[in-house]
Structures are given as structure tokens and as C-alpha cells.
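Chains: A, B, C, D and E, in written order; residue numbering restarts at 1 for each.
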Amino acid sequence: MIEFKNVSKWYGDYQALVNISAQVTQGEVLVVCGPSGSGKSTLIRTINRLEPIQEGKILIDKTDVHDCGSIDEMRSHIGFVFQQFNLFPHMNVLDNLTMAPIMLKRARKRDVEEHAQALLERVGLAHKANAFPGELSGGQQQRVAIARALAMKPRIMLFDEPTSALDPEMVNEVLQVMKGLAMEGMTMVCVTHEMNFAKDVADMVWFMDAGKIVEQAPPADFFTNPQTDRAKKFLADIRH
Amino acid sequence: MIEFKNVSKWYGDYQALVNISAQVTQGEVLVVCGPSGSGKSTLIRTINRLEPIQEGKILIDKTDVHDCGSIDEMRSHIGFVFQQFNLFPHMNVLDNLTMAPIMLKRARKRDVEEHAQALLERVGLAHKANAFPGELSGGQQQRVAIARALAMKPRIMLFDEPTSALDPEMVNEVLQVMKGLAMEGMTMVCVTHEMNFAKDVADMVWFMDAGKIVEQAPPADFFTNPQTDRAKKFLADIRH
Amino acid sequence: MNYTLDFASLLSNGYPGLILRGVATTLEMTALAWLIAFALGSLLTVLRTLQIRVLDYLIVLYIAFHRNVPMLVHILLWYFGIAAIVPAFINDRINFLGGEFFYSTIAIGLVTAAYVSEDLRSAIRSIPHGQMEASRTLGLSYLRSMRKVILPQAFIISIPTLTNQTLLLFKNTSLAMAIGLIELTGAGREIESATFKTFEVYLVVTVIYLSISLVLMFVGAYLSKRSAFRAR
Amino acid sequence: DVLDTVKDRGTLVCGTLGTSEPFSFQDPATRKVVGYEVDLCQKIADHIGVKLEIKMISVAARIPELVAGRVDVVAANLGWSPDRAKQIDYSYADYVSPQKILIRRSDADKFKTPADLSGQRVSAVSGSSSEAGAKRLIPDVTTVTFKDPPTAFLALQQQKVSGFVGSELMLLKFKQQSESTPVKLDILDKALFTEPWGVGIRKGETALLKQVNDTFAGLEASGEGEKIFEKWFGKDTDFYSKREFKLEEIKG
Amino acid sequence: MLDILSNNWLLLLVGQYPNGDMGGLVATVGLALSSLLLACPFGILLALGRISSHKVFYYPATVIVYIVRGLPLIMFIFWAYFFVPIVINRPVAGGTTMVVALVFYESAYISEIIRSGIQALPAGQLEAGRSLGLSYIQTMRKVILPQALFNTIPSILSQFISTVKETSLGFVISVHELTFAAAQINNMLLTKPFEVFGLLALTYFTLNLILTGLVKLVETRIANSRILAAQG
């Protein structure tokens, strides 16, 4: 479904991704982890071309993301959830969800709104449809952000540390929503340090360091039996 | 040398110093400690009238600081070192040291500069004479700040938490300079939480709480045998 | 628009000299008004930090008046209005020196001073209080601390806004044309009304203004790059 | 051409100064512009059979406004000069004006003839023929120019200049004004030069020019021109003067 | 001064209207308002050009902004005065000339305001819009500009005050605004320039003081609603 072929990316002189080749299959839940600065965000952001790459290819369902007709069309099938939520503060929750579908899909406004309401129901925020983002807690905002991405009926969902900007007591409500999605068979790529989430629902873990994928393994193997020293140290650090 | 006589100070309704009477003798090294908000900074700042007092007197060599001809003349004999260094960022290190002596003393510019160079030597920063404060580390900046105060050839040096804004690895370089001063017989009043410094060089420790000096004792007594519960708790907290 | 450009007729009748004298007048006026603006602006700023109630009100009023009334009106007010009420012997002196230049320079300088003092004030506010305390602690008096420690930093911090003020001041000197001063714009108008070579004249004047402005912007950018406190 | 446009539009746009009594000036009571030149414009408009629209313009803008087509005709103290005649066409003369110099009475001993003002600063209205004349005829003079006559007068009163060059009538009015102020003024007897005034029309607009000249010829023939003159320059006015010209072609 | 006001207040307020064009204070405010409203769309376009990564948009926009910043407003007025009629081949009223010049001039300043408003928004806003599949233009229209414009309302209102002051230059080309009306009164009275121009200054002062108050009001309101938006 998603395929990296010899992908390299530079920020000026600094090489942030080093010749990455790997793939994610349909319905797979992938967790990407690794130390700070290892290139996790860069990697996930190249998938929907928020960052350009200088070498290699990234294919989604055989289409080259970095060389395709309309990247906008492409992106509308890929949900992206940011660490900082990035809700639109000048629109209420419902408008946050419906704005893009109304502009981009030839669907009826009523249908879009009904779908949006259903999604809000699902993330437990049906009663907040008319609230503004500024009036919500961080956890609520992030759940709205997930619902906003889902409103476009994406085939893939990307998460870049969706819970790191949250107070601890809110992390769980967001993880629950993500787990629900995983159960339903959504293809997901999640950059996260929530190792329990990885253990519970991931099909695969990629461990990155210095712009490379150093280990690729199912969570059972990765957590119990990491192969590289880097990964061992990382896991030790995370457990304190 | 410094004498507090029934000193009281209010910030609006809040009484920050409560009827303080105490004295510091020539050549004494005094450490003032106490919990946050107890009035340490307020106390030390009243000594050179950075804060006005409402009741009582503070005498330095018999002159009433808060009621004297020229406070500027007075201050030029009292060095003050701040937590935030407060170097002048638009002047290089040498100018930081020489500006005030050149303006205030009828000394020749050459003499002032020679003295300044000697002081920089002493704090280990002779090679930084032409650097700007922004190019120095915190520890270096604080050492320059001490040299700047010394450039006025003060009779008393006041330190208000000189090391609290420093990264741990730099604390020592500053304490070394202060110890050197103490050894040479400078009269010093230091607000600090560096208990080792107090143990090593202080002649006297004042422990403050709620605007009062609760204990006055030589460090040997104060650290081994604090008299009040407040002081006991404070020492326990500091040792973790 | 079939129009043949004719710059040749601008080269006759001493017109180049007129333009050059216009440029000189514009620059002289910019320099003098700049001095007034920066000296008075600094003074007002320092006076305001003293926090004397009555003085504060007066300065606030001064600033409000100069910021809220158009520059052109200030120039008219000075040239015709104030001139009408100053004693004759002073006025004679001024007129002997050239009242148009004198009064418009004053008007422009005073207005810009109001802006400069606002810029400096906000710069001073952004300087940590510890700077003043450190300087006072060394034994420097309040005014000396201001002069050696606070104001220099304030000037450096506000180089970008002050560059902007300088640029505006330079552009505003063109308003003196309204009272008959032959500065750059006035010279242009004069030649234009004699030759009717409107396009050519204004092209020349425009290019001159633009060149000087770009130099000012460049100098401002250079200064702020050079004197930024290194890596604060 | 312009005449067609005027007829289509139904209005003749006539540029006047509005600051030059009695040629064109604001009646304080009605805030309307009235005067000798306004009346002449009215006659031209009547002759063409359209309404009149008065537009106030500054002295310096007279020719540019006309050339740019913002006004159809200019009746604004427009002195004839060979330079200008290259830019625009002139109608028959509608006034002949001696250009004189106004000075402060206190300077009367110093300045007796225009030549005495050499090396001095004199004010004039910017873009006026007086300004050009002053520069041409007084050696070493510095002209300080203003947008309108009253400010040029004010400059003289406020001692900013030593003299004010302008048409005699205009100066006469200012002289009278000054009698009620501390700084009294006088006009030098000897005229700097004399110039005929006319209505300005864009070059090549012969049809419109003909209409204007026909109007003037008619006014002259019927004696109505004389009457209009009487109305603004007659015995009971502040500007009493004799009519020493006819509405006829300017001989350059 | 009071009798001048009571005799001429109508002229100061509306000029010669209804015997001529609308003038005076009403024209001043009207000119400023219409120029600024017209300048806003251009300002937005210029701002978009200034933040564009495409050279074809960036360079022209930048050059325009620098040219405008480098030239006195009066040069724009002259250019507009003499060349707008030639370009559109039709006579143009003085008011229109003034509006054209002001629109040009203000567009550049407004574009800088809007640009800084856009750049003050977190980069995540643009990324979030693009990630949903909205195009750059769509994201600008629905996500970025609404926020940037809202946040910059106070600065744009301040620019309105500047524009009010700048309309006074209309006087130079005999646009019947407030300064022109005052000059007319001065010409009628002749001997009271101090009073007349003082009165003029006070009128601007009062008008702009009221507007400044308005800006402050709007500013606090917006600051409050920003706090609301930033709570999360």
C-alpha cells in the first residue's frame, strides 16, 4: 500500500533520511519510534509530501506521491494528525470537520454534516459540535482533529506524536480513539512513544536512528528482543 | 561595618522585612539563606538602597545609607552581583569593566584599563576582553560581572544568588572566584543556596524566614545544630 | 499614448542645477529635521521615564497632537500660523534665513520626534530592569545610566523602526513644497510648469527619491545587522 | 472634438481659480464661486446652449488640467505669453492686466521701481505669468511661489518676502485688505509688464475656439461685455477701473 | 477661533456641497475610507506575492512594496494626477486622482501588515489545510486569510488613521477635503492664519483621537478572543 523506494532527503547539507526502503501493507498498523531527531517526523511527512524528497520514490497504491497529477487529490485520501492538533481556531468544531469535504467532494452538505456528526459521536464529542477549538481541552481538540481527518474518508491515517502535547490524563482518551480505528482495519502509520499502544495494536514497529530504519519487527519481537544496541538503549531509556 | 537598626520594609500592605537588627563586621563573609520569599533579596537590596525602607536605619561605616548626601557615591563603594549577571550587552567585556570607573573616578583611562585587565586575569578571562557578553557562557558572564563590580574597588561586595541562573557545570568556576575574594578579606554578603560555599568560607550564616532573621550562627553551628524547626526543615529540604 | 520622451529639454536653462539644488535642500532638511527629531525624541523619552505626573500628561499630549494631525497641517500651522504670532524681530531673522526651510524643518522634526520617542519608549520597556539596576549599583546617576546604558541599547534595539522613521522623514520633506520651498519635488514642479515635460521631470525626480530611499533602507539593514548584540 | 463632447454631455466645464476676486471667488454667504470670469464662462455656455460647471483649479494646474482634458476651457487669470501660446490656444482677450509689485509701506523708501527689488525675495503664485515675468525682468530676484494669491500675500505681510508680484487688480484688493492690519502695503506705480488675458482652450480645438470667440464678439457688439465689466469693476465696486481693452484677438 | 468656527463650520464639514463637490471633513473621511477599502484587496494580493515561493509572484510584489516605501506620497499623487487621465483617456476628478494615488500607496503598507499577520500564524495551520487535500489557494482563502485578517484588524484601523492624515495632501492638487476647506477660509479671512490652521489641527486631532479610541477598543476585543482561541 505504501512503499518507500531508496528514499533520501536532505535539509540543506544535513541528510535527514538515508536511503530508506520499506513498505506498509493494506490494513497494517505501523508504529514508528526512535530517539529525538532520528527522522521520524520527516519520514511520516514525506508520505503526504508535506516534505519534499530529493531521491527515491514513495508509492501509495502504485502512485508516486512525489510525482503525481494532483497532490491535493492524493492528500484528500490520507488523513494526517499533528502533534499540535492544528484545528482551525476561527471555525467551530462542526465546520472544522465539514469545510474540506464540502469544498472538495461533490457531496450534499446535509450528508457531509450527518457524517461529521456521526464521527463526533464516535470520538465522544457529539455535544461539542458548536464549540470553538479554543474552548476545548487538548485531548478533546486532538479527538476533533482525528475526526476531521476521518471526515475525508481517508484510506490511510498518519499520526505524528498525537499525544505528546497532551497532559497525561488526556493521553488515554486519544489512544482509545486510535485503537478503535486500528481495530476497524484502517491502515495507520503512527509516530509515537506510547509503547503500550504499540504493544496492544501495532502489527509492526519501525525503529529509526540517524535517518535510517534500524529495526523492523512485530512489537512482540521488538520489545522483548531488540537486535541493535541503539534499540536496546532506547527501550531502556523509555522505561526509565 | 554594616548595621541594620530596626529595619522594616513594606511592599504595599505586605511586610517583606520585619524589624531587622543585625550587623556585619569588617572583613566578615556572611551567607544569607532561607526559603523562597523569605526576604533575602529584599534584605540585600536595601543595603545599597536598590529598595527603599520605611522604618529603621542601615548604616555603613556610620553613614545612613537611606539618608545620605549622594547615594551614587555610596554605591560606588559597594559592589553588587546579580543573579541575572546584567552585563551591558552593547559593550565589550573591557568596556563593561571600565565604563563606570572612567566616568566616576578621576583616574587616568590607562590606569583603569590596566586594573581591569588585571581583574580579568584574576577571574580567568583575560583573553575575553574584547568579546561581547552575548558571546560568553553564563559562568563567564557572571565572572565578568564580579570583575566589573571589583573594578570600582569596593569596600563591600553583595551577591544575590550569583549561581542560581547557571548551568550546574558552571557554578563552580564562579564559586572559586568568590572564595578567592573571601580569602583576601573582602567584606561580603552572599545570598546563596550553595551550602558548601557557606561551610567553606562563611564566617556567619543568617537564616531568614518571613522577613525576619530567625537564626544567626557560624556555619559550623548552623549546619550541625540548627536551633529552629524552620531551619531544620530548610536544611533537610536542601539536602533532598 | 504616443508620446516621445524628450529628456534633452531638461538639460537646458540650468535645470540640472535646479534639480541638484533641490536634492541638496531635501538632504539638508532631512539631516536637520533628523537631528531635531532624535534629540527631542530621546529627551522626551528620558523625561517620561522620570514618571512625573504633570510632565507625563504634557508629553502624552505632545505626542498625541503630533501623531494625530497631518504633517502638512503642521507645516502650514508653523509657516503661516506660528509665524504670525512670533515677535517680528525673530521672524525677520528667520525670514532672512529662509522661512520656508526653517519652519518646515521644525514642523517635520517635531512630528518625527513624537514617533521617535514612542519607538524608543517601547524599546526601553523591552530592556530588562536589571540593566538600570546594574548601572545604578555601580554608582552611576540616573541620567548617566540612561545615557550610557539604557539609551544606547534602546537605539540599537529600535534601529529597524528608526530606519523606518528616517525614511518617512525623508519622504515627508516633500511636503515643504506646499509652502513654496524648492526642494526636490518643488524643483520638479518648477521645471514641469516651465517645460511641460511632465513625464520626464517626474521620472527623474522619482528615480532620485527612490535611490536615496534605497540607500537609507540599505544603511538601516546594515546597521541593524552590524550592531545587533551578538548572540544574546 | 471637445465641442461635441460638451454638447453630448450638456455641460461646459470651465476652470477658474476661485481665489481671485473679482474674477472668480467664493461668495462667503452662498459658498458659490462667482466673478467676472465666471460670468464670461456662463455666456459661453449659454452660447453653445449647455449648462455651466465651474471647477476650481490652482494656478499651476491651469494648463496641465486643460491639456489633460479635465476642463474644457480655462478662464483663470490666464495671461498670454509666447511660451504658453505654444501649449494652448487663446481666445480673444477678455482682460488686460498690468503686472505690478506690492510692497510693505515701511519699505516704500527702499523700493521705488521694480528694479529696486533686485537681489530680494518676492512672492508670486506658482505657475503664474507674474512668476515668470519677475524672474525675467528683475535681476537676481528669488521667487518664492505659493499655491494661491492669498498665501503669497500672507508671505509678504509676514515679511517672508519683500514684494509680491501679481496683476494690478489682485494687488489692489490686497492693498485695501492690509489697511485694516498693522502691516500696510503699497503698490509700485511702475508696472513690471502688461499682459492680455484670455480664455485658454486645448490646441487644435478650433470649433470650440470659434464658439468662444463668437461669444466674445457678440458680447462686444451688443455692449453686454461692457456691462459685465461694469458689474465687477464699476464705480461701486472695490475694483473700480476703466475698461481699456476690447474683447478682440490677442496680437502676440 | 470660535467665531471662525461658527461662521464656517459648514464649509469645514461639507465644503461647497451642495453647490459643488462634497468637501471638507466628510470628503476627508470618505476619501480615506474608500481608498483603504479599495487598497485592501490589492494589499492581500501583494501580501500573497510577498510570501510566495514562486519568483514570478515574489519579485514583482517585493519590488512594488519597496518602490512604494521609497517614494513620497506626493509623487504618487502627481503621477496619478497627470497620467491616470492619459492612461484611461478620459478626464478624472481630483478626488478620483487622490483615491488612485492612495490606493497604490496604502496597498503596499497594508500588504506588509497582512504579511506579518500571516507569518504570525503557526505553520501548522497551512499544513493542516493542505493535508486535508485543500489546494494552496483554498487553504489561504478558508484557513489562513480569515485568521490573519481578523488578527490584523487593529493595525489596519491604525492605517486608516494614517490614511486620514494623508488625504490632507489632496490640498496640493485642490481636492476639496478638510485642509483645502481650511485654506479657503484662510484665504477669505487673510489675517487669521494661526487661528484657522490651529482650528484645522484641532479638527484632525479630535477626529483621530476618536478613531484611536476605537482602535484600542477593537484591539482589546480581539486580544480577548485570541486568548479564547489559544487556550487549547
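To be clear about the criterion, a residue touches a chain if its C-beta (ideal position, glycine included) is under 8 Å from a C-beta of that chain, and two chains touch if they have at least 3 such contacts.
Chain labels with UniProt names: A, B = Polar amino acid transport system ATP-binding protein; E = Polar amino acid transport system permease protein.
The structure displayed is predicted, hence computed values, not measured ones.
*Asks:* State which chains count as neighbours of chain B and simultaneously of chain C.
*Replies:* Touching chain B and chain C alike: no chains returned.
*Asks:* Enter the minimum step count from chain A to chain C; a value of 1 means the two chains touch.
*Replies:* Graph distance in the chain contact network comes out at 2.
*Asks:* List the groups of chains still linked by touching once chain C is ignored.
*Replies:* A, D, E | B
*Asks:* What is the size of the turn, to the nearest 5°, that moves the C-alpha atoms of chain A onto the matching ones in chain B?
*Replies:* 165
*Asks:* What chain lies farthest away from chain E once each centre is taken as the mean of the Cα atoms?
*Replies:* B
*Asks:* Going by the average position of its CA atoms, which chain sits the greatest distance from chain C?
*Replies:* The most remote chain is A.
*Asks:* Between D-E and C-D, which chain pair is linked by the larger number of C-beta contacts?
*Replies:* More C-beta contacts join the chains of D-E.
*Asks:* Quick check: how many Å separate the C-alpha centres of chain C and chain D?
*Replies:* Between these chains, centre-to-centre, one finds 38 Å.
*Asks:* Give, as an integer number of Å, the spacing between the C-alpha centres of chain E and chain C.
*Replies:* 22
*Asks:* Could you grab the centroid distance between chain A and chain E? Build each centroid from C-alpha atoms only and quote it in angstrom.
*Replies:* That pair's centroid distance is 45 Å.
*Asks:* Measuring centre to centre with CA averages, how many angstrom lie between chain A and chain B?
*Replies:* The separation of the two C-alpha centroids amounts to 54 Å.
*Asks:* Using the touch definition from the top, which residues of chain E touch two or more other chains?
*Replies:* As it turns out, chain E has residues touching two or more other chains at 82, 86, 172, 183, 186, 193.
*Asks:* Give the residues of chain C touching no fewer than two other chains, as numbers and ranges.
*Replies:* Within chain C, the residues that touch at least two other chains are 80, 83-84, 178, 189, 198.
*Asks:* At least two other chains touched by the same residue of chain D: list those residues.
*Replies:* 64, 147, 151, 154
*Asks:* Taking the top-of-page definition of touch, could you list the pairs of chains it picks out?
*Replies:* All chain pairs meeting the touch criterion are A-E, B-C, C-D, C-E, D-E.
*Asks:* Inside the complex, what are the residues of chain C that reach chain D?
*Replies:* So the residues of chain C in touch with chain D come to 80, 83-84, 88, 91-92, 95, 99-100, 178-180, 189-190, 193-194, 196, 198.
*Asks:* Flag every residue of chain E that touches chain D in the complex, lowest number first.
*Replies:* 7, 10-11, 15-16, 19-20, 81-82, 85-86, 90-93, 172-174, 176, 183-184, 186-188, 190-191, 193
*Asks:* Spell out the part of chain E that touches chain A in their complex, as residue ranges.
*Replies:* Chain E residues touching chain A: 122, 124-125, 127-135, 138, 142-143, 146-147, 150, 227-232.
*Asks:* Across the complex, what residues on chain A touch chain E?
*Replies:* For this pair, the touching residues of chain A are 48, 50, 72-80, 82, 84-90, 99-100, 103-104, 132-138, 141, 148-149, 152.
*Asks:* Across the complex, what residues on chain D touch chain C?
*Replies:* Interface residues on the chain D side: 60, 63-64, 67, 83, 87, 123, 126-127, 132, 144-147, 151, 154-155, 158-161.
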